[in-house]
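Handing you this structure, nothing more for now.
As written, the chain order gives the labels A, B and C, with residue 1 at the start of each chain.
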Amino acid sequence: MGDSGRTRGRVRRGGAPRRMRLSRRRLVAVLAGAALAGSALAACGTSSAATGPVTLNFWFYPDTSPATNDAVANCNNQHKNLYKISYQQLPQASDGQRQQLVRRLAAHDNSMDILGLDVTWEAEFAQAGFLAPWTGQYKAEAEDGTLKPALETAIWNNQLVAVPDNSNTQLLWYRSDLVKTPPTTWAQMISDAEQLAKEGKPHYIEIQGAQYEGATVWFNTMVASAGGTILNSAATKPTLGAPAVKALSVMHQLATSVAADPSLSVQMENQNRLAMEAGTAAFELNYPFVYPSMKADNPSMFKNFKWALYPGVTPGVPAKVTIGGEDLAVSAYSEHKSLAFQAALCLRDKQNQIIGANLGGVPPTIASLYNDPALFANYPFHADILKALENASVRPKTPLYQVVSIDISHLLSPARGISPKGTEQSMVGQINNALQSKGLVP
Amino acid sequence: MSTTTPSTQVVTGTEAAKVTGRRGRAPLSEGAKAERRLGWMLCAPAVIVMIAVTAYPVIYAIYLSLQRYNLELPQQIKFVGFSNYGAVLSSPYWWSALEVTLIITVFSVSISLVLGMLLAQILHRTLFFRGTVRTTSLIPYGIVTVAAAYGWQYAWTPSQGYLSAAFNNTAALTNQVEAVIVIIIAEIWKTTPFMGLLLLAGLSLVPEDLQKAAKVDGATAWQRFTRITLPLMKPAILVALLFRTLDSFRIFDNIFILTQGANGTGSVSVLGYDNLFNALNLGIGSTISILIFICVAIIAFIFIRGFGTAAPGTNLGGR
Amino acid sequence: MAVTTTPRQKVGWTTANFVVIVLALFPVVWLLSLSFKTPTAVLDPSILPAQWTGSNYAGILTNYQFIRPLINSIGIDLIATLISVVLASMAAYAIARLRFPGKSVLIGMALLIAMFPLIALVTPMFTIERALGLFNTWPGLIIPYVAFGLPLGIYTLSAFFREIPWELEKAAKVDGATPFQAFMKVIAPLAAPGMVTTAILVFMACWNDFLLAISFTSTTASRTAPAAMEYFSGGSVFTVPTGPIAAAACFITIPIIIFVLFFQRRIVAGLTSGAVKG
């Protein structure tokens, strides 16, 4: 009561009525706000020139070779006015990388700009809305001269969601002191190994048989080489059938023959390499990283360490080896998408891919580089890699790839437990469940 | 000076303030109220920290278990009630993981209890190099689990590890039974010091005089152990068992490094991890976690009600 | 009381000591030997490396950025242990000594937290930490470690405190000591061994933690040692760096050995004197 009296008193006493004074205050506030906003906008417009290059966070696997650091340094030097790439490391294991990325992208973390993705993650990340699509001139630059299967891994729903950076594929590595001519089919390779076993010589065929992604890669290669696919192109159901049964019977044949390494069911790429270097194996299906490793670790065996194309399943039909590698994508939550696209394109340009190949041991994704002499010294097998890459198969593209892969690998490992028809049936059932997101993952 | 006051009498102000630890029934004495306040105040920081950190996540996990929530398909999130529980409980993967978990728990806890008891005796009584023995026996517990697990894994890798070589180059980790045995051994090695430490604390509460008197009376070492030591150590044993069982049921690190859960060696935690972090199926993964929690709660209940593990503070006696 | 030790007893205890030391250490010796092996020698199953190399240790200190995670580990774990033990002591004292309603609720809650699978809690906790700006900071790991160390601490300490004869405190007060003196001179020495043991248990639990460390950190600003080992890589994407991992494992055991060496005398001296003097 007193208050209202006072107010009324004030109004009556003269001076601007309270309401008008308030609105004057409001007016001043609005003007001040506008001035601030205006100056802020003005600052924005000139920010890049006034405040220096933008820092782009590049999240990539921990590269112990200087390749990634060199690439980052090169791009920073060439574009010092525009941006500064900061190389942040992800865990070494692929699963660990994926978990870090997913966890932070699901929380809309804006401190990630350029992401290093394994070639099987694009569908999942894109479907979840984590990736910014590539369009216009960036898309054109990304596609220009890139190997087709590599590009295939970066496309989801007819959109380009990443740019291929490096690639990887497997070759057949063998000891020329044990084997004169390399086999061209699995059947031939197994019989060669059995022959060596009879002669009491090292005879194992090294392949990744542990219950992990590598087993799925092996299966994918075999199915594709037998002429089939794992999923239909719409990724709605499995299309295993006869090629899958053929693939499974070859895998089973290997696992139950004397050519199989006793640790097959826990072996990954690294153990295969070690077994080969230790001298117990005659054949190895593995990535090119084994070449410089053999050179360093076992120089005497290195003299007889040769390579050939991955053996096929059907005589006369070349194998379609699964493609691996890394693609670079731009986060949908990045605050500097345009610069990130440019930076990503720079990180994977011709110069940096040659560095990656020579220093980091990872094959390039730009086709023309395979004819570049700068590659030849460290990549004497460049011609075979190119052939393998051009004919490569891609793993099934679906956002539920992880589940599909886990289901597949659990049915394939231990490989001696495969029964071609039975395993194929189980696989069809489980993949169907997986695609409908039903049920558990082992 | 404390006055003994019959509990039914009402105790007045100042007198009550001098009486510590005793209280009237209804109405509460000043002393009792002060005791209550003190009790709450002392517990408050711990309670606040625990609630602040875990309340929302626990509730959110329960909430997620009732949803069909797959991060890979964000457009298909919906409430599905208990159907996730149905899916998990009817899945053979859950039951085989549970079986493996129970086997590992039972064997590793019981064996580490026996070994821990032996270790406690040695730590308690050894005549020489006490410090050395005590320090070295704690080292297995101090090494980071994943690091020790790597050591075991390399040791059991054929043609690479000394343990595998000792057993004729066996690939123990590829075979379900042998791999589970290796996991149990790794667990026992890691956790015996923890048991030993807790049991040592219990052992030290057994009065030496009783032991000496019994010796004088002609009791053998075994009799002294079973008739005097064990009963007096019962509370410590039960607490050690409780915590160890709870931890063992949720075993993860060792299995993950040794076999990644392959070849049927996955525990329920590995199953939960796979579904939560690999398949990004938050609904099913949370359901598995809640079910693990329920199992663990049942175990705790059995220990506390069944074996009478002291839930501390329930029995103040006449103090 | 003087105890005469027969030669048979001496041999017996020496053997027992020896067995304990060997069993505790042989896997550690294996890790040590792995840490000194060259990448090729890793294939060699023998315990003694054919060729000794210090390159793994040199590597972890330079290339693998291990120093900072080690500092993070020690700092975060020590702080978390300290806070946890202090809070747990207060609560355990109240539980063991005082009567107040809600005690069983508190114990139930502590048990619940000790039992709930961590994997389910990681994602929502991560979301909270990001919202509060705690992600990738020291408090971001310290606070969860305290919360998860409290149940263990409360349980262990209540068990200890229950066994302490509180009459001694009253007797001291009767003898003329102030409450504070009574507490410091009589109760604290009895409580100390229990607190030290609890501190060790809580510290080890934090030290061993992997899941929280890997989920709540993204750079070496707050990454701890176990998580840092995840970032070790070999010569290629597929090579597992056995040597560096073994070297790191051995390296991070050193603070533990120092910690235990420093404290074990204290604990055991207190523990074996018994809470009830004869």
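One rule holds for everything that comes next: a contact is a pair of C-beta atoms (placed from the backbone, for glycine too) under 8 Å apart; a residue touches a chain by one contact, two chains touch by 3 or more.
Given the structure is predicted, the values throughout are model-derived calculations rather than measurements.
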item: Chain pair with more C-beta contacts, A-C versus A-B; value: A-B
item: Chain located farthest away, centre of chain B as origin (C-alpha); value: A
item: Centre-of-Cα separation between chain C and chain B, whole angstrom; value: 15
item: Chain A and chain B, separation of their C-alpha mean positions in angstrom; value: 40
item: Geometric centre distance via CA averages, chain C-chain A, whole Å; value: 38
item: Where chain A touches two or more other chains at once, by residue number; value: 274, 278
item: Where chain C touches two or more other chains at once, by residue number; value: 42-43, 123
item: Residues of chain B engaged with two or more neighbouring chains; value: 159-160, 277
item: Contact set on chain A toward chain C in their complex; value: 61-65, 88-93, 96, 100, 103-104, 107, 109, 168, 268-270, 273-274, 277-278, 287, 289, 292-293, 296-298, 360-362
item: Residues of chain A that touch chain B when the two form their complex; value: 95, 99, 102, 106, 124, 127-129, 210-212, 262-266, 271, 274-275, 278, 280, 399-400, 402-403, 406, 410, 413-414, 437-442
item: Complex contact set, residues of chain B against chain A; value: 68, 70-74, 76, 87-88, 91, 93-94, 157-160, 169, 171, 173-174, 259-263, 266, 271, 274-275, 277-281, 284, 288
item: Residue ranges of chain C in contact with chain B within the complex; value: 5, 9-10, 13-14, 16-17, 20-21, 23-25, 27-28, 30-31, 34, 42-47, 87-88, 90-104, 106-107, 109-121, 123-125, 128, 143-144, 146-148, 150-152, 154-156, 158-160, 162-163, 166-167, 170, 193-194, 197, 200-201, 204, 207-208, 210-211, 225-226, 229, 242, 245-246, 248-249, 252-253, 256-257, 259-261, 264-265, 268, 271-276, 278
item: Chain C - residues contacting chain A, complex; value: 39-40, 42-43, 63, 123, 126-127, 130, 214-215, 218-219, 230-241
